[in-house]
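Heads up: the structure comes next, in structure tokens.
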Amino acid sequence: MRPNDTLLELCLELQILDRVPRSGYVLRGVDHPESVTEHSWHVLFLVWLLGSRIEGLDVRRAVEIALVHDLAELRIGDLPRVASRYFPPGAKASAELAAMAEILAPLPEGALGLYREYQEAKSPEARLVKACDKLQLMLKVAVYERWGTGALSEFWENPENFPDGGFPVVKELFEALRARRNEEQIPAGPPEA
Amino acid sequence: MRPNDTLLELCLELQILDRVPRSGYVLRGVDHPESVTEHSWHVLFLVWLLGSRIEGLDVRRAVEIALVHDLAELRIGDLPRVASRYFPPGAKASAELAAMAEILAPLPEGALGLYREYQEAKSPEARLVKACDKLQLMLKVAVYERWGTGALSEFWENPENFPDGGFPVVKELFEALRARRNEEQIPAGPPEA
Amino acid sequence: MRPNDTLLELCLELQILDRVPRSGYVLRGVDHPESVTEHSWHVLFLVWLLGSRIEGLDVRRAVEIALVHDLAELRIGDLPRVASRYFPPGAKASAELAAMAEILAPLPEGALGLYREYQEAKSPEARLVKACDKLQLMLKVAVYERWGTGALSEFWENPENFPDGGFPVVKELFEALRARRNEEQIPAGPPEA
Amino acid sequence: MRPNDTLLELCLELQILDRVPRSGYVLRGVDHPESVTEHSWHVLFLVWLLGSRIEGLDVRRAVEIALVHDLAELRIGDLPRVASRYFPPGAKASAELAAMAEILAPLPEGALGLYREYQEAKSPEARLVKACDKLQLMLKVAVYERWGTGALSEFWENPENFPDGGFPVVKELFEALRARRNEEQIPAGPPEA
Amino acid sequence: MRPNDTLLELCLELQILDRVPRSGYVLRGVDHPESVTEHSWHVLFLVWLLGSRIEGLDVRRAVEIALVHDLAELRIGDLPRVASRYFPPGAKASAELAAMAEILAPLPEGALGLYREYQEAKSPEARLVKACDKLQLMLKVAVYERWGTGALSEFWENPENFPDGGFPVVKELFEALRARRNEEQIPAGPPEA
Amino acid sequence: MRPNDTLLELCLELQILDRVPRSGYVLRGVDHPESVTEHSWHVLFLVWLLGSRIEGLDVRRAVEIALVHDLAELRIGDLPRVASRYFPPGAKASAELAAMAEILAPLPEGALGLYREYQEAKSPEARLVKACDKLQLMLKVAVYERWGTGALSEFWENPENFPDGGFPVVKELFEALRARRNEEQIPAGPPEA
């Protein structure tokens, strides 16, 4: 059967997520790029960090949405952005939901609900995760550029990479990041001595 | 625009195919696994090698089909096998054809026809490429196992991995490979001294 | 100055955590091993998964502890286990706390408190994170062994790798994992076809 | 014995070609560089693409020459360019031919003839393969530079890297590539969205 | 027991040193960076090369000091530079000495003495090794920069990276290196044909 | 010009040796295998370790021979063992000597003499280096096997891999290694806690 039967099966399958590299980097020649697991951790940290600064936001729920937001890539892979042009509208989202239903099968139904909420992106919590998903992208892009990769400059020109979800705290961080990058002040590594 | 405009654009985009690793290996922990480009070269060699031993087969056309058979993965990625369960029937094939139309845009129409022929798998030439696609899979699996990877044994039990396309010469090679693997006689590397 | 001044500096420094590989794997020849970021994500998922099954546990706090539990490795590195024998007792823990104070400088004080709570390991929440830290280790070990790595069997014989923190739900998962590994039933990858 | 005895042995040995990286990149610090298999596939594609645009050329034969042109590296390795200075004139070519005779032993004699034709470089088909061998080099160099590698600029100044074999269609592609590189218009990856 | 019992155990443990990458590069995104073993070889070569040009220096002893100077990293790891700020003064040096005593246990006492001499850095031989340790760092930094890594420029501004140990021959080499780097004349690889 | 002009040029070229992987491992699927630099360091350590246990041996000279013994691979590459079958007798040795003359050009003539002595393998010092060259090979093979690589067992059956150079201390170490490997007692990594 395809759906995971037990918590153990789910936990074992999740370990494989570390081997799914983020395709946007792979296809631009970044060596040893971020895995989907690594991306997920950073998004989650941002959601926690910024969520607690947004009044009325249910941080715990936002964290839970972040936790599951990319798990469908275990079974679908991390498709290149351009790929969605070639599928019928909605096909990718349906496929992801179907995959998630099988991955999360051993969990109570609410878990799949978190993913559905992410896809619909209507609740403030889901919008925050969507915003942090891109914020993390641009943070990593800035670091990769600092390290010498040459192929990511176009990311800064695509407005889709800068959604603030209506949250000023996200907007400010995007702006601070862009400013710092333009001033060539992205740190190369941890502080020396 | 998405379709390649010139031969040069096509040639440059093709270089990226080296960075698309074969997902079946990636998700089973094979390090530094075969790229789609490498897979494609081996399939092509097999088609040339075996095609000339099949009476009445148009080897040149078979080679051309092999040459284009995996190029859609440039824009769709190499989806895990399980992924197709989550898309509507035919959606993946349509997406691949649409991607191919844009990738091969600078070529005469016949080029896309080669891909369509591969998808339909009716001509003997297309059937040979389909068979060699799997024959190469099992050759590489045998080598990876010899090198110490532990996660590929299930591949030998899936009949879908052993299509002979109705060609005795393919069938014999599959059988010789399986026999040699069972006798633990897969060479570990090039001959010593 | 060494302490991070702003949220942005903190977020940028965190990206580097992906480049800190888990030393236990590195020194046993595992190629492309788990990063500390990946480990952290999996621990967090386990804490969320199992925490909600433990009555009276503050899951949100446990998740927060998991989120910060390994960040000191940004500045100290992931020392081999044997290393602590060569430092005075407590020196490593003090160093980690000092590093955390500088890393988390832009956050409210409570953040450092989460880390202190983890180090002291007295609260149920901290004990759960400690247990999941090892549970994740053994899940990944099982997967790496399945993939062909030969150097990890001693991990199954060290009782320190199997702390249940007094939580039956953790104990059961440890036992199910060990049973499945002994029966050679660890899946090699995602489900086929 | 050293010569391959059967088709199966040959096919298994070929899989190893993926592990022979192109030494020119390795020695200039390109990470995860192109393998000889990948190079071979791209050369073959170019020969097919351009050969059909050259009147009177036997495309099928040119494709076959491309297919075998680098197989000697299975047993000789991909020697750095400078290495040939240290061997007696012709020693490398003889060694390659001797290696090819053993590699291709299970094939009819004509196969080795394809390689001899390549070495002699007199026929238009062999000249086209020689030209595409370098054209592919410069295509990949352009992509690697775009991705951030700093060590390849001298390749553009060496006239030996720009042989057109007397074919205008190759010459034009070389010129279009150089122009595009000088205008900094090499695409960084597949088209976005 | 922790101390190595036999020469064989020592020799086997040393093989692992190849898997300890130099942390300064890892944390600045250098892919496939130098291992501690590689660093050690280069330092040793420099010590031999320059030592024979320094009157009165005991080259054999200097070479022996270079041979052991980084072995403690087998058990301590290659800590990031910033790490020492978080340990009590001298704790790292004591830990290294304690680790060395166990690593070198099968050797006569004089071997540990070589390491102590290195730590104290009073003898001309130890000072030469210390100087070559940094000279090698800057040679490799120059090569990595030439290859495209972007994150190492701050190394040129830290005077601690340019100790000459009072030896004019070291000073001259540092100066020649800096001059050549400023003139952008670091070779990208071996000479071309 | 090809010969290095200055010490600085020589030192810079040597850094590239880290990027020359040992071909025997590469062609047997070992991931991230030992570099020639790493091999050289280990050989040198063995020569120092065992040389001091051999009466009448000039350890300093043996160490110097070890230091240069593989540098020709900078310009020739690390040819697969089988390659020498395809060159005229002595051609590889002459090529290596010619390459060494250019690499070591900035050094006094004696340096090239060390390499000539190694090639002739008549002096006890050169014989010790030759023996340690293989002893290190088998030490690393034992460790790689312990880590899970499957493709190296044939190395134990080739008597050419076990030269003792007439030195009992080398013979004993070879025997101890083989015994330990047969008892499956090769340690997997550094000691745990």
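The letters A, B, C, D, E and F name the chains in turn, as written, and every chain counts its residues from 1.
Heads up, the rule we're going with is that a contact is a pair of C-beta atoms (placed from the backbone, for glycine too) under 8 Å apart; a residue touches a chain by one contact, two chains touch by 3 or more.
Remember, predicted model here, so these are calculated numbers, not experimental data.
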**Asked** Which chains are in contact with both chain A and chain F?
**Response** B, C, D, E
**Message:** Can you check whether chain A and chain E touch via the same residue numbers (shared by over half) or via different ones?
**Reply:** different
**Fill in**
In terms of CA centroids, furthest away from chain D sits chain C
**Request:** Averaging only over C-alpha atoms, locate the centres of chain C and chain E and give their separation in whole Å.
**Result:** 31
**Prompt:** So what's the Cα centroid distance for chain C and chain F, whole Å?
**Reply:** 40
**Request:** Let me have the rounded angstrom distance from the C-alpha centre of chain C over to the C-alpha centre of chain D, please.
**Result:** 47
**Asked** Taking each chain's centre as the mean of its CA atoms, how far is chain B from chain D in angstrom?
**Response** 21
**Message:** Two-or-more-chain contact residues of chain F, please, as numbers and ranges.
**Reply:** 2, 16, 27, 29, 31-32, 75, 80, 82, 85, 143, 148, 150, 189-191
**Asked** Mind giving me all the chain pairs that touch?
**Response** A-B, A-C, A-D, A-E, B-C, B-D, B-F, C-E, C-F, D-E, D-F, E-F
**Request:** Quick one: which bits of chain F touch chain D in the complex? Just the residue numbers, please.
**Result:** 2, 16, 19-20, 23, 26-27, 29, 75-80, 82-83, 85-88, 91, 94-96, 98-99
**Asked** Of all residues in chain D, which touch chain A in the complex?
**Response** 31-32, 143-148, 150, 188-193
**Request:** Please name which positions on chain A make contact with chain C in the complex.
**Result:** 2, 6-16, 18, 32, 34-35, 37-38, 40-42, 44-46, 48-49, 59-60, 63-64, 67, 74-75, 107, 139-140, 142-143, 173, 176-177, 180, 186-187, 189-191
**Complete:** As the complex stands, chain E meets chain A at residues 24, 27-32, 80-82, 84-85, 148-154, 158, 160
